[in-house]
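Labels for the chains are A, B, C, D and E, by order of writing; each one numbers its residues from 1.
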Amino acid sequence: QEESIYVPLFTYRTGPFAGSGTPIANGMHDYLTLLNERDGGIGGVKLIVEECETGYDTKKGLECYESVKPKKPVIVNPWSTGITLPLIPKAAVDKIPVLSMAYGLSASAKGDTFPWIFNPPATYWDGFTQILQYIATQEGGGIDKLKGKKIGYIYLDASFGREPLPLIEQLSKELGFEAKLYPVAAADMQNQSSQWLSVRRDKPDYMILYGWGALNATAVKEAVKTNYPMEKFISIWWPSEDDAKGAGDGAKGFKTLNWHAVGADFPLLADIQKHVVDAGKSQVSGKDKVGQVLYNRGIYNSMLIAEAIRKAQEITGKKAVTGEDVRRGLEGLNIDEARLKEIGLEGFTGAVKLSCADHNGHFSTFVQSWNGTTYEKVSDYIAPMSDKVGPLLDADAKAYAEKNAPWPARAEACDAS
Amino acid sequence: MNAPETLLAVDGVSLSFGGVKAITDVSFDIRKGEIRAIIGPNGAGKTSMLNVVNGFYHPQHGRITYKGKTRPRMRPYQAASQGIARTFQNVALFRGMSTLDNIMVGRTLKMHRGLLWQMLRYGPAMREEIEHRRVVEDIIDFLQIEAIRKTPVGKLPYGLQKRVELGRALAMEPELLLLDEPMAGMNIEEKEDMCRYILDLNKHFGTTIALIEHDMGVVMDLSDRVVVLEYGHKIADGTPEVVKADPKVIEAYLGVGH
Amino acid sequence: MFYRETGQFKQSYAADQAVFPILQDRFGLAFILLIAFVAVPLFGNEFLLASVMVPFLILSLGAIGLNILVGYTGLLSLGSAAFMGVGAYSAYKLSTIFPGVNILVWILCSGFFAAGIGVLFGLPSLRIKGFYLAVATLAAQFFLQWCFVRISWLYNDNPSGAIEVPARKLFGLAITGPSATPVTRYLVVLVIVVVMTLLASNIVHGRIGRTWMAVRDMDIAAQLMGIRLLPAKLLAFAVSSFYCGVSGALMVFLWLGAAEPSAFDIKLSFLLLFMVIIGGLGSMIGSFFGAALIHILPIVIRMLPEALGLPIAAATVEHLTYLIVGALIIFFLIVEPHGLARLWQIAKQKLRVWPFPY
Amino acid sequence: MSEHASNAVEPARPMLSVNNIEVIYDHVILVLKGVSLTVPQGGIVAILGANGAGKTTTLKAISNLLHAERGEVTKGSIEFDGERVDSLSPNELVRRGCIQVMEGRHCFGHLSIEENLLTGAFTRRDGNRAIRDDLDMIYGYFPRLRQRRSSMAGYTSGGEQQMCAIGRAMMSRPKMILLDEPSMGLAPQVVDEIFEIVKDLNDKQGVSFLVAEQNTNMALKYATYGYIMETGRIVMDGDAASLRDNEDVKEFYLGIGGEGRKSFREVKSYKRRKRWLA
Amino acid sequence: MLYNIFIDPFVQMVQMPDLLVQTLWEGLVSGVLYALIALGFVLIFKASGVFNFAQGIMVVFSALTLVGFYEKFSAAGFSGHTAAFVALILTAGVMFVLAMLVERVVLRPLVNQPDIILFMATFGVTYVLIGFGEMVFGGDPKQMIASELFLPSGSVDVEMLGGLVSFQKIDIAAAVIASVMIVGLALFFQKTRIGRALRAVADSHKAALSVGISLNQIWVIVWFAAGLVALVTGIMWGARSDVSFALEIVALKALPVLVLGGLTSVPGAIVGGLIIGIGEKLGEFYWGPLLGGGIESWFAYAIALLFLLYRPQGLFGDKIIERI
């Protein structure tokens, strides 16, 4: 029997979050398909790529997990903070690494406590400090400029949106800004008028958005309606082009974080266009979809997977690597500029390097702004405020282990690189 | 014979719904051990009267005295626990349950084992259940409905449903039994059966019975005394013979044919 | 011809009052239990145990709880998921406050908290009926769910806002947490569900059950039989919520392993209601049928193309699943509006007279 | 009147004929086992029989209301006014002039009495005037209804609902009315009135009637022909007069033993046993 | 604390009257939109006693169909407005076909079944529509073609009470259209022969059959009407956010409205909508922050529950008949 590597993709092309889930699914899928089509897999081993539809629903997600488990997946990426949480304790037992790329439990960045969970390139906490720093520069200076400012935080009232709350509490005290919270229940995603009324009353100087699915689109529309100054409305990295487009011209100036390029101007994407899309092996609904924010997010995610597998092959010398090998591969992940160029993604994103202790990297991100048709990069790369986030992260990882006692101590050796 | 004891006294009762006056200032009494008929044209307020007696409606004026006690605003379950049972004009059985279960419900007030024993089922709860099942089987025997013991009542023909309803009321071992048109929709033979049951009950168990019925043959033959209502007013009260001859009753209700 | 009660006479009322008066039924039940306790754990693979059987049993338990309310007492409720949540959160709190006590104790105790809350939200049922009551229970659903989000004490201030299941043991065997094997989890759940089903079945076949059904079928007449509506309804709410609560606790501790408030959202309430209606209102076995149809059928449909080797995209499968499940719901309702349990009865009736049509 | 007279000359033409029908409920419960009957045009025909004999089922089979109760006609045929009607929908049948008054009233509880009556005219197309006139006619028949015209039907007394149900059927100006236990729950003089109305409609408008009735006395007084049902079969039929004189009918359905009507007090329980033995 | 609950909100109302007006307006607008969804429920409930759970998904489905058709036609080279209106008519046609199918396949075989069974059957319909809809239209959100349908956009800003209150034109249009529809339907039910027949059917299928009301025809009419209401609702909601399956959840918001107004009352839908819409916004805006926000999710139900305790059949619903 021919050797192969099984990579399941948990996706959601249905349900209320399909709008965000579909481009990501396409990006992830097309990249891996390209590797199969063009290179015959990774290191000569074919990838078996299989989608499992979760509908962003935790129960279905777990069902997907159980159904792929017997097929020995080398990695899973749940694409939902809700699905990630129950998988965190399971991963070590089942020996399947979890890649929750820039979502999930922030504390899982701590490789010592969570040897099987990886969440590069930045956590939601990092993202929040990056937005704060951007605001500070807009105010024309250092982080102390935040003092006395009023900052509104509108978020999906679920584990994802609530993640930053402890951080906000602490930072608002330390940095002297006033935080206003506007939670949006999942059922009210498309019905945010009360929140925006409050915004109208509170007149925050800046608004920060942590949304997903229809929440983003509605928030942008409501902001336009409320005449909220768009350039002061900054989101975490999840909104898409569609989310901004619906609000028309008014949405120009809407900002989000990002850590990779938008657009299809990369050799790799050209290859995808040629080998996958044109060959009818992709599910994208139009050529213009290739290169959009969330499509490229999917690309980035698959790049991490592919590189981790490659690294695992390198470390172990095996071809058909297993989940355990890929975990080591992820810890040894080191994608530098040169490697990016090889891949065909030069300039697409910054270098990625993980380690046994740091499963996140806490990399810099930049701010991009909606110009009516696409997002443009408008800032330099901003590093997270690790001095603030770091201790919190340590404390949180510790608290997690305590609450879930007996939490197994890390037994996995570290391939010191 | 010394003066018969009064079981229930209705005293100046008036009841209205919005503008509709269902009962206006009606007084009468029911003696212990008698069969008391209430008759009158449609819409006269007979059913409403029964509803007042067992606390389902609360009259605006007047008093009800039962066993010497007057209770303002009695609740239906209180009436039940005081020994008042009834059947209904439009059959009001528990449609989803079998005949047996329907009659068993009539025993509810007499069963006391709590939730925990019920959960275990075996032991005291079962003993209690069987004890009451015996009583219920006696009633089933008496009413000759053995064959439909396990049939869901919703599927029974109308006449049998009425019989089951009677059984359910009997299971409460009532002192006062209110029967609302128990013989509607029955043929002669079945009416005869029904009459037999009513008389047996009255004679052997001494159950006091208040009876609403439109079949004059039945009413005149069975009852000891008759109250006649019309448009919510009492127009006559007395023995069947007296009432039958009362011109007001003949005009309002019986018609000349009878 | 094979299925006949003729010749099986009962000598006592006790025998006649039995839940399964007919011999063949008792054999059938024993056979099913045998399969459940022996065959499934021996031969079932992990997926079957962890993703099919465990959820199926837990959902069945929830459906039994809801059935007590909707099917037996006739009170339409759309808040069952929230009561499951109450069970889950109280089990979580209890087990973290008193980690020494065995987790199973807390799972069962959590039912009492759910029962308490259930009674509270059952109070309006005295005045409000039918679909109106359903909306009143929706108030419970949304309010409680909001509490799970907003009261951080409930989830020990976890930044994730979710409750995470600690690893706990019974007789040295892990029953919760990641290292609990599906087989152990399955057996624990199975025992609890079987026992609780038995208890529920006893209740509904006794005086209290009759009281509930009387309230359901004609509350006015029930009152005149001496049944006090409010206590009867509140008891139904309490017992029902107890079952939902335990089922919720089981769901988090033995199935999901961690849960966000959204695990107990309105969709779950609806799902339970589906199960109860499709399975058969007022039927214990119906709750299992319903849970099987609603939970297992989509899994089968989802697996089918792969098993047949048909290359259908995951999303398309999902669409088809929706389509087929929807169509099947309608189909089953048309074939037998009283649910699968009734269908089962009719099948037995046919067996009884077989080979004659009637 | 003249119409009726001409019918009398050729009584052969049946308004309704039911041929050997079989009805099954829930796919398993066989209730009617081959029932045949005919109602001649302009006739009043009674179906008599004990509880559960299948009278109601027969009437529902005719008006095609069985579907709503998971019952179906599995054998036989039904003809109304010379046409097969087994597969027509109930409203088609009403349109053709055959309407049923169901046992147990079934008024629309949330509609007022008058609205109830007006729904009866749903299938009519002859304009508001005619409908108004008929409404007046019905109030003429049942003055009690006029008094309660704006009450919600659900709150009216049992007898009032019964009148409402009958009146509602009359509002459709039918050629034939299927009456299921019309006398149930009505005061004696109203029962007389109802049967007088039946006769009146029959005479004046030539409406045919099929009446299922427990009040055998009444039924046989007004009917021209009668059928007696027992457990899903017709066991006896004949014209009303001959049935009235039949000894068995007298004994079991009219309650007149050898020596005239007995008091209900004197009936002995042995009599009940008789059926069990038979 | 007591001050915060009982005094402060009112002080705020007085101090910032412009915001109060704005809040009331937002409440009014969402109330109208809730009322539109509730109206679809009421129509079907009133006319068949069926509590149509599928109403929410019908909103999404009709809106998606509209946009889908539009995309096809504009791709085929029709101009914006022509394409939009052709699409509108075709969508109405689709809703008609849907009504026929539902009647034929679901309702007819289930005639005279208990309410809860029919309720359940509409769940089946919901599933089918979700599956079918996503299969045909895909899951990604679409833009509503508001301007192509001559719906206004932008806002009217009025300076008043020391502040700026802005009224969205699309909201004004929604309010007007909804009022017209509701008045029309209320008249239809109370005054016409068919309206009376509809109420009779809701009361008892069996009795309605026996007096010759054609259930089949009536159901098609009603479901079609509800489909059209869904279409209008879909356009209005779609114009406010996106057209996507997430909208389905909003339908739940109609339930308290429905209950508050009474399941069978057309005017009840609008009054209930306004009470809930305004109450909810006021509650969230003035009292929400005290409780940590997000109370909107249950506040509507709490309001409805309070009203129900007082009137168990809703404000305008048919009385629950208790008579024995």
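Going forward, a contact is a pair of C-beta atoms (placed from the backbone, for glycine too) under 8 Å apart; a residue touches a chain by one contact, two chains touch by 3 or more.
Which protein is which chain? UniProt says B, D = Branched-chain amino acid transport system ATP-binding protein; C, E = Branched-chain amino acid transport system permease protein.
Model, not experiment: these values are computed from the prediction.
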Longest centre-to-centre distance from chain C, chain (CA-based): D
Pair joined by more contacting C-beta pairs (B-C or C-D): B-C
Centroid spacing, where centroids are CA-atom means, of chain D and chain E in whole angstrom: 45
Chain centre separation (chain B, chain D; CA means) in Å: 29
Where chain A and chain D are represented by their mean Cα positions, the distance between them in whole Å: 75
Mean-CA-position distance for chain E and chain A (Å): 36
In chain C, residues with contacts to at least two other chains: 142, 146, 149, 220-221, 224, 266, 315, 318-319, 322
For chain D, residues that touch 2 or more chains besides their own: 29, 155
Contacts with two or more other chains, residues of chain B listed in rising order: 47, 56, 88-90, 92
Of chain C, residues touching chain D in the complex: 346, 349-350, 353, 358
Chain A-touching residues of chain C, taken from the complex the two chains share: 45-47, 50-51, 55, 96, 99, 142, 146, 149, 156, 158-162, 164-167, 177-179, 255-263, 265-266, 299, 303, 313-315, 317-319, 322
For the chain B and chain C complex, residues of the former touching the latter: 54, 56, 75-77, 79-81, 85-86, 88, 92-97, 101, 104-109, 111, 113, 115, 118-121, 125-126, 128-130, 133-134, 137, 168, 172
Sites on chain A touched by chain C in the complex: 11, 13-14, 50-53, 55, 58-59, 62-63, 66-67, 69-70, 81-82, 85-86, 88-90, 92-94, 105-107, 157-159, 162-163, 165-166, 183, 185-187, 283, 396, 400, 403-406
For the chain C and chain B complex, residues of the former touching the latter: 12-14, 17, 199, 202-203, 205-208, 210-211, 213-214, 216-218, 220-228, 235, 239, 282
